[in-house]
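Per-chain residue numbering starts at 1, and chain names A, B, C and D are given in the order in which the chains are listed.
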């Protein structure tokens, strides 16, 4: 299914709750480094993946420049299957920027409601789900959360429930 | 994407390493009940799913009658997207039984090399990956492990490495 | 070693990092309920223990009234072995209030640098350590952290390192 | 409380359930290396400890020669506070060998009913409990499990319940 020695999918890391870690000295959740490599090892992934650690920020701090950088990373990706790990609060906005660009890429946004480093995190499930979606869906931008796949222009986050929903539903 | 009140995918549980639990009295890993509901809650799944706990056995103990029962469960499933959670040792054999039946269903087999109840399990990632694959792939039988999707007639388990590979590769 | 049906030690819960939980909706660590019962079950504790959930607050928010309430709880305890689960930031101050009272009780303060609900927490170890200390030390007030036992009037928290030290050392 | 640069307590590792790890290839719990260093780091231990990895076996496989080796390790320990991490099945037998020797040491036996590498293990709590007991109890041999301290000649394992009890109770 793939050429040996060449990545078949790309993961673009931007931070978000997914990658927050507890800082015992500060007593709060902060960003120090991504959990992606640990998670891929835990998942025993043998699919050749490229990992681009683009940002490590809370998605509430994302500016238009940051979103342009994510779009650029998608556009320049040699791989057509792309997962963007992103904070949930503004995931829909960044997906819209990528979706409107109409790239010939399958770009699947995912994240986590509970950090990977905290008990009962949704991060491993969500990453697995998003990678499979990126390998199988037609070109376009999607949000993949709660075991559901949403088109970029038909999704919203229900902040009270902490889940993603079809917009208007 | 779905009709309210109706499941859009089905998970058929058969046991395997995925669902082994440590029995502190016996001092060994055994089957008592599936971790599926806990895992779906942890993953914050909102996709309507039907869960069919068909078997809770080690896949080395699977007989042809067991495999026929899994095939039957797939055939009778009202949902066209199906994930079968299965032990890795004979996953390929059961996938072959289902694949040869040529059902008008997308049946994705997955499992785990490390039980969900043990540190650093691949179970949550694999389940997420398999559910997405079941929602997006065309009808057929597949094995989804190691972040890769294999057709039922082109896959083998490398027992020395504990990973799945294209047959002949 | 104990009379059946009667507790031999008491745990007074006040909150602190030990008991913080991740709130997925708010995206921050908060207090909802203590982890004490879960932790005692995990530790397979058969020692009859009384648990007094006195407070569930960050120790930076502790007032003199709060400390007086902890002292009162110690004074009124029917059990002579007492563990106080407390935030680390002002643990030494509360231990001083209890220590100066000169109770005929062994009161051992402990807490955690990493919440029980976060990966690699020191909470279970510290609780076990403190309970044993409360069963074996002579009457007095102590701080038990980092596998060390400190007298209440000879201990300080090194905030830069996140460890407790002999005062003056 | 201690001289800088010199250990104040010793941990003698013998294996047991405490240190079992899941081998994903074999699909079973085996011994590869002790979790002690990881556990001490997680517990943020600053107490100077010496660690002696004497054995890594199931306690059902312990011979009289093994027990003699544990006794020897206790006798030769420069530190007077000693914790022996041991399988629970024959912990009482080894404690008896050490107890009868009447060493001028405080030797506290502990272990785990659930491996450190499995969810909800009692290993961290038990280790913390045993270390505190080794620092505070008078010379003698003890079994410390279930948050209780038993003298070596008054303890039995209730195999049906998986807990330790006073002998005769």
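What we mean here is this: a residue touches a chain if its C-beta (ideal position, glycine included) is under 8 Å from a C-beta of that chain, and two chains touch if they have at least 3 such contacts.
Small disclaimer: the values here were computed from a predicted structure and weren't measured.
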* Asked: Going by the stated contact rule, which chains contact chain A and chain D alike?
  -> B, C
* To do: Would you kindly say which chain has the C-alpha centre located farthest from the C-alpha centre of chain D?
  => A
* If you average the CA atoms of chain A and of chain B, how far apart do the two points sit, in angstrom? -> 24
* Asked: Which whole number of Å gives the spacing of the CA centres of chain B and chain C?
  -> 44
* Asked: Could you state the distance in Å from the CA-based centre of chain B to that of chain D?
  -> 39
* Sites on chain B at which at least two other chains make contact -> 24, 44, 113, 162
* To do: Please give all chain pairs that are in touch with each other.
  => A-B, A-C, B-D, C-D
* To do: Give every residue of chain B touching chain D within the complex, in rising order.
  => 17, 22, 24-25, 27-29, 89, 113-115, 117-119, 159-162
* Please name which positions on chain A make contact with chain B in the complex. => 1, 39-40, 42-47, 49, 113, 120-122, 124-133, 135-137, 144-150, 162-164, 166
